[in-house]
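Shared between the two complexes below is subunit A, which pairs with subunit B and subunit C, respectively.
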Partner chain A sequence: MFTYQLIEKEHEIVVLCEGDIDIDAGDVIEEDIQPVLSLHNRIVFDFEKVYFVDSSGIGLIIRLVSDLQEAGKAVRIEKIRPEVTEVFELLQIDEILGKQVFE
Partner chain B sequence: MGILIVDDSKLNLLYLKGILERAGYSKIRTADCALGALQILGLKDGNPPRKPADVDLILLDIVMPGMDGIAACRTIKEHKVYADLPIIFLTGNRTMFKEAFNAGGMDFIEKGSPEFELLARVKSALKLKKEMDIRKNREMKMEKELQLAKHLQSSVLSLPIVNDSIRIHGKYIQSDEVSGDMFYWAEVGRNKYAVLLLDVSGHGLSAALISMSIRSLLDGLVGRLIDPHSVCEELNMKVLNLFKNSKHTVYLTAIYLLIDLETRLLHYFNAGHPPALIFSKEGEIRQLKGTTIPIGIKKDIRGNVQTEPIDRLSKILLYTDGLIEQPGLSMKESIFSLGSYTQEFQHLSNEKFVEQVAKLAIRETDDICIISVDLKR
Partner chain C sequence: MGRNVVTKGKTVNEAIRLALELLGTQKENVNIEILDSGSKGVFGLAAKPSTVRVTLNAAPASVPFEPVMSLDKLVSLTLDLNDGSETLPHSSRSEEVALSPIQMQHEGKVWVEGGVVHICSTPERYPLIGPVQHAKVLKNGVVLEMQEPVSEHDRIVVEPELEYVEPEWELVTDETQMSLMLHVKPGYRVHRFLQDMAPCYQAEFKFSEVRLPVEIQLDEVMSALKEKNITFGIKQDVIVEACRSVVPSVFRIAEGLVPVPGSHGRFQTPIEKETQHAFPRKREDGTVDYREIREFPTASEGQILGVIVPPVPGVPGINIKGESVEAPPVYPIVPMKGEGTAWTDDDSRSVALRSGMPQIRQQGYQVKVSIIPKLMHGGDVDLSSGNIHFQGDVEIGGSVQDGMKVDTSGSILVRGNVNMANIVASQSLIVQANIISSKITVGKSNMLYAEIEPLLKEVSSKLVLLKSAIYQVSHAAAFKMTDFQSSGLGPLLNVLLKGKFKYLNDTFTQLFEKIESNQSYLDEEWGKYSKELYRKLLNPLTDLLLDLNDLDQFKQQTDYLYALVEPPIENHVFAKFDYAHNSHIYSGGDIVIGKGCYGGMIYCQGHMESQGFLRGGVYYAGKGMRVNEVGSRGASTKLHVPEYSEIQAARAFEGTILQVGKRFYQLPAEKRHIHARLNADGELIIH
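Moving on to the complex of A and B:
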């Protein structure tokens, strides 16, 4: 189960993510989150409560962040848990999305 | 659709049959006792028939001499072929309702009810039965298709290579569904062997479709290019091109080994896959380090090809992530525990070694591929 909350700050919007990111998160990410973010220029994904990301989830994250970057937005992913970091490192997500996403 | 009416009163049988016939039902059979009904259903000797009788609904009297309707219902429902056959009880009083429903009855008609009520209940029971039959047929067809797909998928896997200088064995453990794991190997020159293990992201039919379409490229691609650098780049380009119009990110992780028995060197790339384990002749286990990004994501991919001398190696173990996804363990811990588990089996023959590793596969939700390359001479 994947849910999210949006917190609008002065210069950025924070997406508080919660739950597992797998194929079931696809609809929420593509239909709910992505359209809202198109109105903002600086976007932060808070992954503190994301406990599991599978290969489909990685695909969703790559697609989402790349699309936002292509639209000229600055994207960061923060507070990634160690078990998720392992998967990101294996797949070299920083290499794919750019190291600035994780700084 | 066929209706069976069971009642010990011949008058009642005629009356009910008459109503149903006037309403247009033509395949009506009657029995004046429970045993007669069981005989029509092919259950008289206690063994279920291979094919169910042509009955889609039973109207069953409860109070009958000999076996009563409730016992008959229970007997019919015991047999799998009739599990979904609706039974409507005919009754004069409500005192036995609880027992009747517990026995598997789906509805009841009180004797003396108006015709329209009988017809409405019969109609809705038959409608339900028809829908259930359609759904069951569809499920059976899908299941057959799935079995065929699974068979096709495993039929394209490479067969073991066994000779004096190298042995390559693999095992593909299929989940309930089809999935996107695939292995491939070939002798690509004199004393040169290429081994590829790939895992398409996601699960299910879509991943299987992708892995099969990639499989069709491999003979040409690996056989022609051989060199890990070129294989990595070409595979990446092919996947990007093949799925460029898809709105989903299609990618795969892969390990490719080029084992050169002349130069005694192993060249490999690892595109986002869990690391291979290598076993030295002394029994030490190490991970093959060095990875690059998965295949099919970015146009420019640096193969990050690594080289390892194989003189001191006895075995190389490749696996897909289903093998190391253990609840409560991090990936690093799982790989470490895989290493310690396999350590005690490393001196087995290669085929038996693979079988032992496969015993670790406990999850049924993901496919698992295991390859072992044995280099002992």
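Moving on to the complex of A and C:
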């Protein structure tokens, strides 16, 4: 089950993610979150409550972040849990999205 | 008068002891005068010490000294005398002895005779003896630490040290347990004997040495063998020799029985024999006789193309532990179905089902025999016939005319000329007449294989890593495999090929493009492979449900093709023609020029042979060239071979450039029987 909250701040918008980023989260991310984010220039994903990922979910994140980056937006992913970091490192996601996303 | 001391003590005895100590001698060697026997006083008060004068005897220690009386007696005597001024009898006896000339010679000296140290001290002179290397010098039973004066009353014993070094040895088994080496560092002992020494004031002892080897104990070695469970092939005589060795060395003391390898199954074909004249024949000196080329090999219907010879197993051996060692395994030939052929007699014979050019492809232990279709084109290739593209061999009865193109995945035979045309043959080309202003490429597949080989190798090795990366991620704690059911491995592969395996993705793309753009020169199986590659790995929108088996399968296909392109190409690709004029000719194999070349650029990876002349142009041969006449007064002519190849020319005109590796030389004058190559120092030698 995947839910999210949007917290708008002065210069950025924070997407508080909760649950698993997997194939089932796809619709929510693509249909609900993506349109909202296109209005902001600085976007932060808070992954503190993301416990599991699958390959479709990762593919989705990559696509979403790449699209936002291409549109000239600064994207960061924060507070990734160590278990999820392990998966990201194994797949070298930082090579695909750029290290600045994880700083 | 000898050296003397006057000492005092509580008693006479104590005073004498003190004096002896000061003189470093014993009472046998001295005369003692009691000057004052002293008195004990009352209760120790008003005690008077005893006083003695002790004088060293001058007589040599070796002279038997007869003790006149015991000390006690002497003391009592002197006590009786109660007068210390009187000397005792014998007190100056040595002084009275007249010295012989020999004694004179020895006076104050030390010498060695028959291993015994002799000393002749005089009151004026004491010889000096000090510690010495390789021996202990004992003075009266005490080891000398530093140089000391000695007198003839001292007992000097030199005890040479015995040097003893244990032999060292070690047993070393090789990995295969087929031999056992005994590494020996021999031991020895050194016996030293005190050499005779002429009399001198300061002893310098010398020793003669005898060095004796110390043998290794045979039974120690034998029990070590037992401990290591070595039972087979032990060479007792070598062990004995090793034990007695006096120089460090290594002995092979046990040897197993090496298994005799068998032979693998093989495919024996009579085709090469029957159509031998169709292939260039090797001369006895290793060069190739291209005049023997007449035609491409052909097979007729029902002809036996080859027979499978079964493998012969090897004979097992025995290792030094007495265990049986298997001979290397032998593998049978696996017959594969080929086009236009069939296997008969329990798949042991290959028979042609139709006539054509037989092609035998062996890869690992798989043998595939096919009959390649042949296109017979009666007349010229011109605008009315159109270009020819064909998968197989092509035979053209006439000429290939202006601007036309012929390409095939097999060989091409042109009975006429090739005139301002373009020919590409994956295999060989024979033009029976002339090539004029044309572009020719033969052995295209050789060239392609060389380009594809590294790509396939990369793909094959990286697929293994890709698989292990998938395994690794699948086992990460936070990774869910829920979508494998619905989407397969695709999404994960996608992510991996974007990130960690980005370069593999590039290689996939290169390989795909290479195969796609050269499909006409490659067999059907390559096309199938590149489609698989695209479907499984390159198309991001693939709807295939991929699993690990698909990857394994793809790796197998990759390895199959790699095995095909990896070995040096053995099928003999060549281009042969009479005359070529201003043409670009490339051959992945050899080039044979019948009568001559004018200008142009002739390049081959194999050997180049010309019976005629080469006038103008650039000629390159990867494996060396043997040409007849070369050069011209007009256009420049250059012969080029790589570093380790040679140029041989029967006659070369002035101005011809010969290049071997990076070194080149322009002939200043006409020269005959040229042989150009690099020597060991990389210098170009021409003679």
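In the analysis below, the second predicted complex is superposed on the first by the 103 of 103 C-alpha atoms of A that agree within 3 Å, B and C clash if a C-alpha of one lies under 4 Å from a C-alpha of the other, contacts with A are read in each partner's own complex, and residues count from 1 in each chain.
Following the convention adopted for this analysis, a contact is a pair of C-beta atoms (placed from the backbone, for glycine too) under 8 Å apart; a residue touches a chain by one contact, two chains touch by 3 or more.
As the structure is a prediction and not an experimental result, all values here were calculated from the model.
Upon superposition of the two complexes on subunit A, a steric clash is found between subunit B and subunit C.
Ranking subunit B and subunit C by residues of subunit A touched puts C first. Within the superposed three-chain model, A:96 lies in touch with subunit B and with subunit C [touch as defined at top]. In the superposed model, A:62 makes contact with both subunit B and subunit C. Look at A:51: by the touch rule set out above, it reaches subunit C but stays clear of subunit B.
Contact with both subunit B and subunit C is seen for A:87 once the two complexes are overlaid on the shared chain. Common to the subunit B-facing and subunit C-facing surfaces of subunit A are residues 23, 55-56, 58-59, 62, 83, 86-87, 90-92, 95-96. For subunit A in complex with subunit B, the residues that touch the partner chain are 23, 55-56, 58-60, 62-63, 82-83, 86-87, 90-92, 95-96. For subunit B in complex with subunit A, the residues that touch the partner chain are 199, 201-203, 248-251, 253, 272-274, 291-294, 297-298, 321, 330-332.
Residue ranges of subunit A in contact with subunit C, taken from their complex: 20, 22-23, 51-59, 62, 81, 83-84, 86-87, 90-93, 95-96.
Those residues of subunit C whose C-beta lies close enough to touch subunit A in the complex are 469, 472-473, 476-484, 486-487, 489, 491-492, 494-496, 498-500, 502.
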